[in-house]
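Chains: A, B, C and D, in written order; residue numbering restarts at 1 for each.
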Amino acid sequence: MTTPQLAPEGPRTERAPARPRTAPRGARFVPPQRFVPVIATFVLFVAMFGAGSARYEGFGDPQVFLTLFVDNAYLIVLAVGMTFVILTGGIDLSVGSVVALTGMVASWALQEGWSAPVVIAAVLLMGTAFGLVQGAIIAVFDIQPFIVTLAGLFFARGLCYLISTESFPIRDDTFISLASGSLELPGGYYVSYTAVAAVAVVAVAAFVLHLTRFGRTVYAIGGSEASAVLMGLQVRRTKIAVYAVSGLCASLGGLLFALYSLSGYPLAALGMELDAIAAVVIGGTLLSGGVGFVVGSMLGVLVFGTILTLINFDGTLSSWWTRIVIGALLLAFIVMQRAFLRARA
Amino acid sequence: MARAKGSPIAWAVLALLALLVGNVVVTPGFLSVRVQDGHLYGSVVDILRNGAPVMIVALGMTLVIATRGIDLSVGAVAAIAGSVACVSIAGAEDPTSAGAAVVAMTTALALCIVLGLWNGFLVSVLGIQPIIATLVLMTAGRGIAQLVTGGNITTVTNSAFRQLGAGYLLVPVAVLVVAAAILLVWGTTRRTALGTFVESVGINPEASRLAGVRSRTIVFTVYVFSAFCAGLAGLMIASNVSSADANSIGLYLEMDAILAVVIGGTSLAGGRYSLPGTVVGALLIQTLTTTVYTAGIPTQVTLVFKAVVVIAVCLLQSPRARAVLVRRRAPRPLVPEARASGDAPAPSAALPDPLDASGGDAGGPSSSSAHKVAQP
Amino acid sequence: MRGITIGFPGVKALQDVDFRLFPGEVHALMGENGAGKSTLIKALTGVYAVDAGEVRVGGRAVRFAGPGAAQDAGVSTVYQEVNLCPNLTVAENIMLGREPRRFGAVDGRAMRARARTLLERMGLGIDPGSTLGSHPIAVQQLVAIARAVEVDCRVLILDEPTSSLDADEVAELFRVMRGLRDEGVAILFVSHFLDQVYEIADRMTVLRNGRLVGEHLTRDLGRLQLVSAMVGRDLDALEAVEARAHAAGEAAESAPPLLRAERLGRKGSIEPFDLEVRAGEVVGLAGLLGSGRTEMARLLFGADRPDTGRLLLDGQPLRLRSPRSAIAAGIAFSSEDRKGEGIVGDLSVRDNLVLAMQASRGWARPIPRRTADELVEKWVEALDIRPANPDAPVRNLSGGNQQKVLLARWLVTEPRLLVLDEPTRGIDVGAKLQIQKLVADLAAQGMAVVYVSTELEEVVRLAHRVVVLRDRRKVGELEGADVSVGDVMEMIASSGAAGLLAEEAS
Amino acid sequence: GGGDGGSTAASGGDGTITMGFAQVGAESGWRTANTKSVQEAAEEAGIELKFSDAQQKQENQIKAIRSYIQQKVDVIAFSPVVETGWDTVLLEAKRAGIPVILTDRAVDSEDESLYETFLGSDFVEEGKKAGEWLVEEVGSEPTSVVELQGTTGAAPAIDRQEGFAEAVAGSPNIQVVASQTGDFTRTGGKQVMEAFLKSQPDIDVVYAHNDDMGLGAIEAIEAAGKVPGKDIKIITVDAVKDGMQALADGKINFIVECNPLLGDQLMELAEKVVAGEEVEKRVVTEETTFTQEQAVEALPTREY
C-alpha cells in the first residue's frame, strides 16, 4: 500500500460549507437550532397570553404580565438553580423542602431577635451548605442524584418539623419593607423588589453559564461526562458546585417565598421541586443534560404562571376541572412546542 | 447494572435485614407471625401487604426507567383506577355482587391501559421528554379521578372487591398478586428477548433502531405495562379500605416507586435494570414506614429518620463510598491531585479500586463511565 | 514507563510493559486489536491506575490523578473514541478548560478566532460556531486532534487519529505532527495503517497480548517483520484476496440487479443518484471526506428517509420506512459511528452479536441460548474477537474488537445486501485482511455488498465497481478489474474541476 | 378552557355582587361538601361566584386573591391554607377597597382591620369536646389512648391535638400512649393502626383527627380480631356520612361535628359587608357532637 498523495485542490474551506445535517441522527443541532426551543417557548407564551387577553377582560393589562413576575419570583430563582443541575444531567429534588426550611429558619431567627441582614446571610449560607453536602455525596461517593436529593428533600422537610410544626409570621420591618417595596414604572405599573431580584438572578446565571469556565464545564458534563473527564475538566468539583448553586438558589427562592408570604410554614412549597423541574423542561432544557438556557427556564415559569392566571380569571372551574385544565393547557403547550420544533427541523 | 454485579442488591438486602433487626430490638414481637381468623397476622405480613402497591408500581417503573424514561403519572393512574372501580361498583345493580366487582376491575384496568397508551404515544410518537409527558397525566389524572367520584369518598361494600387489597388466602391476596406479577415479568424478560430489547433501547436508542429493534413498540409496551401496574395498585389501595378517595390514592406513589427502583440499583440513566433489586427496594421503603409507626418515632422526626436511613443504605451500596470510607481509616493521606511539578505524587489511594467498575453512571446517557476512571 | 501492569477483572490488559518516549520523535505503538495500546495510553495519562510499575516524565516519577493532571503536566491526548461533547460548538470543544478570557468573562470571539486558526492549520474549513454533533465522525476526530494540538504540550498522544480520515486529511495531520516534532514535542502515535506508520514514525514499540515484544527504529524493521511481530505468525499475501474478488465479479456481471436506486435523494444530504447492485458483487463507494458516501449508504438502508426517487428490490418497488423494513428485505447496514450508532455498550458481546437477528425474529421468539452460543462461538472464532468471552460487556472490548462484533451482528442475519460503512475502521492489519477476505467470500457466495472506506486502496482492491462521489453528488462509476487508485482520484479531481467550471458558468 | 366568564367579568356597578372565593383545595370529602355548599348558596343568593382551587398551596391562594383584586370583585372570601403570611395581599385588598371574609380558618395577623369577619369552626374546641367526652366516659379507669393525627403541620391536626390534650390533662388515668400521623386518609389510618396494634399491647381508645382515619382504624381493628366500639373505643371529628353510619352501627363511639355547610352564612355576611353594615368579627358555625344514639336519628337527614 502506498498512501495516495493528493494534489491539494484549492483551499479546503470552500469544499463543504457546513450545511445542517437534516438526518435525525441522535440529538444533533446546528447553531441557530440551539435557540429554537427557547424561541418556540417564547412565541407560544406570547400566543397564550394573547389568547388570555382576548378572552378575559382585564387580562391584557400590562400589570397582569408584571404580576406574573411578582407572583413567581421564587419559582424563577428555583428554576435557575435547577437549570444548572439539569444541565449536568443531574436533578435536585430537595429545593422545595429547602424553600420551606429557609422560611422556617428565617422566621424563627427573626422571632429570636436576630437582625434581618444576619438572617439573610445565614439562610443563604445554610442553603449553599446544604447543596454542597448533597453535591459532595453525589460526586465523591458516586450515588445517583435522584436518591441523594430525595433524601435531602426528606431531611430538610424533617428539619422544618423539628423547628416547629406550626407556622411563624414574619413581623420584621426590614423584611416587610422588602416584601411590600416595589419599583414604580411609568403608567402606574409596578414590580416588586422580589421580581427584580429574580430577573437579576436570571441575568447573573446566564452570565455564569455562558461566559465563565465553570459554566462551560457544566454544559460539557451534560454533553458527555466521560468525555469531560478525559478532557481534563474539573468534573467532580463542578458537579459539587452545581448542587451548591442549586442550594443557594433554593434558599434565595426560599427567602423570596418567605417575603411573598411573610411567614415560615413547615408545609410550604410542597412539591415545588416538580414545578421547578417542569418549568425548566418546558423551557427547552433536556433532562439528559447539556442542552438548555436559563432564559428558557424563566419562560417556562411564566408559562406555568400564565396557566394559573388563566384559570383564576376564568373562575368557573371546579377543583377537579382546575387540575384537568392545567394538564390540558400544559399538554397543548408542549405539543405545540414540539410541532414548532418539528417544523423547524 | 446490579444484575451484572449482584453486590449492590446484597447490600440493600443487608440494610433491610439491619432495619428488621433494629425493629426486633425496639419491638421484640416484631417478627412474630401467628394465624388469626385463618390467615397470617403480624408486622411482617403488614409490611408485605402494605408494600404490595409500591412493589407492583415499582415493577412497571423499572422497565420504564430501563428504557431511559420515567413515569410520574402512576399515582394519578392509581387514583383513576380506584375511583372508577368504586364508582362502578357503587353504581352497579347489585353493588355487593362479585360480578359487579369483576366488571369494575376490568373496566378500571382497561382504562389504565388506555392511559398507558396515551403516555406511550406522547413519549414515543411525539417524542416529548418522558418526565413532562407523564407530568400531564399526573396533573390532570387526579382531577379526572375526582371528576369520577365527584370529589367525594366513594365507599363500597363488596366482599369480592375487598379480597384484592384486604383479603387473605392464608397470605394476603395482594401479596399473591404481586408475586405473580413479579414472576410473570421476570419470566417474560428472561425467557423472551423483551428484557434485552428494553435494555438495548435504554442504553443506545439509535443503535437499537439501526439494528431493527422496534423501539417504538417497546416504549409503548413499557408505559402501558406501567399504567397497568399502577391500576392494579390503585385497585389494591381502594380495596384495602373499601373506598376510593381520589385525592389520596397513590399520593406520592411515583416518588416511592422511583426510589424503590433506584435503591434497587437501577440507574435512572437507563439501560441495565434489576428486578430483584426493585423488590428489595420496595420492601425497604415499606419496612421503613412500618418501622416509623411501630417504633413510635415522633412525627416530627419521621422524615429526618427516613432521610438518614436512605442515605445510609446508598452509602453502603456505593462501591466507591465503601472504598473511600475504608481508605479513610488507613494512615495514608488523601491527596486529591498530582500537580504539574510531580513532586507530590498522590498515593494510589486517591484512585478508586477495581471494585469501582460499575461507576454509578448517573451523569446522563452518554456517560459511559469506563472502568477505573479516576476523576480529577 | 517501566514495568507497567494493569489488570481488569478477568483480563490482564498489560503485563510488565516498558515504554520510552523521547522529545522530538514520533513513536508508533503497534499491536493487534486488544493488544493493550489504548490501555497503555490511559495508564500513562492517569485514566487508569496502574497495578504495578511507574511512569516518569523528564526523569521524575509521577502519578497523574487523572487526565486533567496529565494535561497540566504537558501531556496532551486524543483518545481512541472521539471524546468530545457533541452538544457544544466546535470552538468550545477545542478550547474547553482553557478559554481565553476578557475582564473575567470567556471571550467568545477570541475563542472562535483561535479555534478557526487551529482548524485551518488542520485543513478544516468548518464553522467553529457550529455544533460538534452536527459533523460526521471524521470531522469530530479532526476537532479532537485540533484540541490536543492547541495545548502547549511536551507530549502529544494520538490513539488512532487517522482511522476515519482520508489521505488528504492524513497528509495534513502529518504536516502538523512533523512541525511539532521539530519543535521538540514527543509524539506517541497509534495506527493500524502500516503505510502511515512507516511514513511518520521514527521508532516503534510492538505489543502483543499485553506484553512488550520489542522496540525498534522504524528503518530497522521491515513491514513483514513488523506484522509477524504483532501477530506472532506470518500472513498470506494480499494477492489471494484480490484474485478471488475479481473471479467472483465476472459471474456477477451477468446477474440481474438485486437493488436499484432510481433518482434516490434527500435534500441537504445527497443529490438524487442512480445505483445498481447485483448479487455477488461488491460496489465500492469512493470519495473524499464529506462527499456523501455515508448519506448514500444510509438511504439504501432506510436509516434516513429519501425525499425523492425510489428503490427497487428484485425489480419490485421497495419502500423502506425504517431500518426494520430494510432488514426484513434482507438489507444490513453497519454504521461508521461505532460508539453512537453501533454498539450497545452495557450489553454483553453475545447480546450485541445476536441483536439484529433477534430483532428481526421479534421479542416473542427468543434465540435459544444454545443457538446463540453457537453463533457467538462461530463468529468469535471466524473474526478472532478477543477476549473470547461472550458475557463481557461489549464496551470493555478494544475498539477493533467492538467493530468485529458489529460486523458479526450483521453477518448472522445472512443478508442479501450488506452495506458496510467503514467496516475496517480501527481494525488491525491481520484482522483487516480477514475481513476483506470474508467480504470477498460472501460476494462469491452471492451476497451483494456496498463497501465504504476512506482507504481508497481497500475499496479499489475489493470492489468490482467503484462509485465515485464528490460534494454529495455521484459523479461517476468505474468498472473492471484494472481500476486503480489513480483512476478514482482522477475522477474526483476532474469532476471537481468540472463542477467548478459549471459553477463559474452559472 | 371551560366556562364563559369572559364578558361577565366583575363590575359591581350593576347591583349583582361578585365574590371571589379562594378555596384550599379538594383534599377531602369534607372540603368538597364545603365547596358545594358555598357554590349552591351563591347561586341561591344571586351572587356571582369566582371560584378558584389552590390545591393546598398558599402561593396559589395568594395568586388567586391578587387576580380577584385585578378583576375588581366586590368581596373576597377564602379559607386560608395556613394562618400566617396574609398581611401583604390582604393589605392590597384593603387598599383596593375590597372587603375580605375568612372562612373555616383564621389568619394570624396583628392588624384585624385587614378582614371584616371570620366565619368558621374552632378546631381547638373540637379537640376539647372529644377529650371532655372521653374524660366523662371512662371516669377514673386507667385508659390508654392512641392518637391518629392529621397531616403533620396542618392547622386542624395541631389544634385538635392541642384541644384534646388540654381536656384530658386533668385526668392522669388517661394516657396517650402513641401518636402518629395518618395524613387524614383511610389508608393512613389503617396502616398506622395496624402498627399500633402490634406495638401497643392494650389500646383502649382511638382518637382520630377525622372520620376517615377512624374508618381506616376500624378495618385494622377488625382484622386484628377485635371489635371496634367495644374492645377499643373510637372517637373522631367531622361527622361525614360514612362516619355517622359507622357511629350508628356502633363501630365508632363518639363524633365531634365540624360543619362544612357554611355557604348560606357566608353569603349573608357577604351581602352585609358589601352593603357596608357592621358584622361581628368572629362568627362561629353551629356545631354539635354525636353519640351513637344521636347518630341513628341524624343519619337519614345527613347531607354529606
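Remarks
Going forward, contacts are C-beta pairs under 8 Å (C-beta built on N, C-alpha and C of every residue); 3 or more make two chains touch, one makes a residue touch a chain.
Quick caveat: nothing in here was measured; it's all calculated off a predicted structure.
Each chain's centre was taken as the mean of its CA atoms, and the one lying most distant from subunit D is C. The distance from the centre of subunit B to the centre of subunit C, with each centre set as the mean of the Cα atoms, comes to 42 Å. Distance between chain centres (mean CA atoms), subunit C to subunit D: 71 Å. Taking the mean of the C-alpha atoms as each chain's centre, subunit A and subunit B sit 27 Å apart. In subunit C, the residues that reach two or more other chains under the touch definition are 47, 66-69, 72, 86, 303, 340-341. The set of subunit A residues that touch two or more partner chains comprises 25-26, 161, 165, 222-224, 226-227, 229, 232-234, 290, 318-323, 325. Shared contact sites, meaning residues of subunit D that touch two or more other chains, fall at 26, 32, 35, 152.
The full set of touching chain pairs reads A-B, A-C, A-D, B-C, B-D.
Touching subunit A in their complex are the following residues of subunit C: 47, 66-72, 77, 79, 83-89, 92, 96-97, 99, 101, 104-106, 108, 120, 123-127, 129-131, 133-135, 147, 167-168, 170-171, 193-196, 199, 266-269, 288, 290, 295, 298, 303-304, 337, 340-341, 456-457, 471-472, 485-486, 489, 493, 496. Contact residues of subunit A toward subunit C in the complex are 1-9, 11-16, 18-31, 33-34, 207, 210-213, 215-217, 219-220, 222-224, 226-234, 290-291.
Taken together, the subunit B residues at the contact with subunit D in this complex read 27, 29-30, 36-37, 41-43, 46, 50, 146, 150-153, 155, 166, 237, 240-243, 245, 247-249, 251, 289-290, 292-296, 298-300, 302. For subunit D in complex with subunit B, the residues that touch the partner chain are 26-29, 31-32, 35, 149, 152, 178-181, 183-188, 190-192, 194-196, 198-199, 212, 215-216, 219, 223-225, 240, 242, 304.
Per the touch definition, subunit A reaches subunit D in the complex via residues 55-58, 61, 63-64, 67, 71, 74, 160-161, 165-171, 176, 179-180, 257, 260-270, 305, 308-323, 325, 329.
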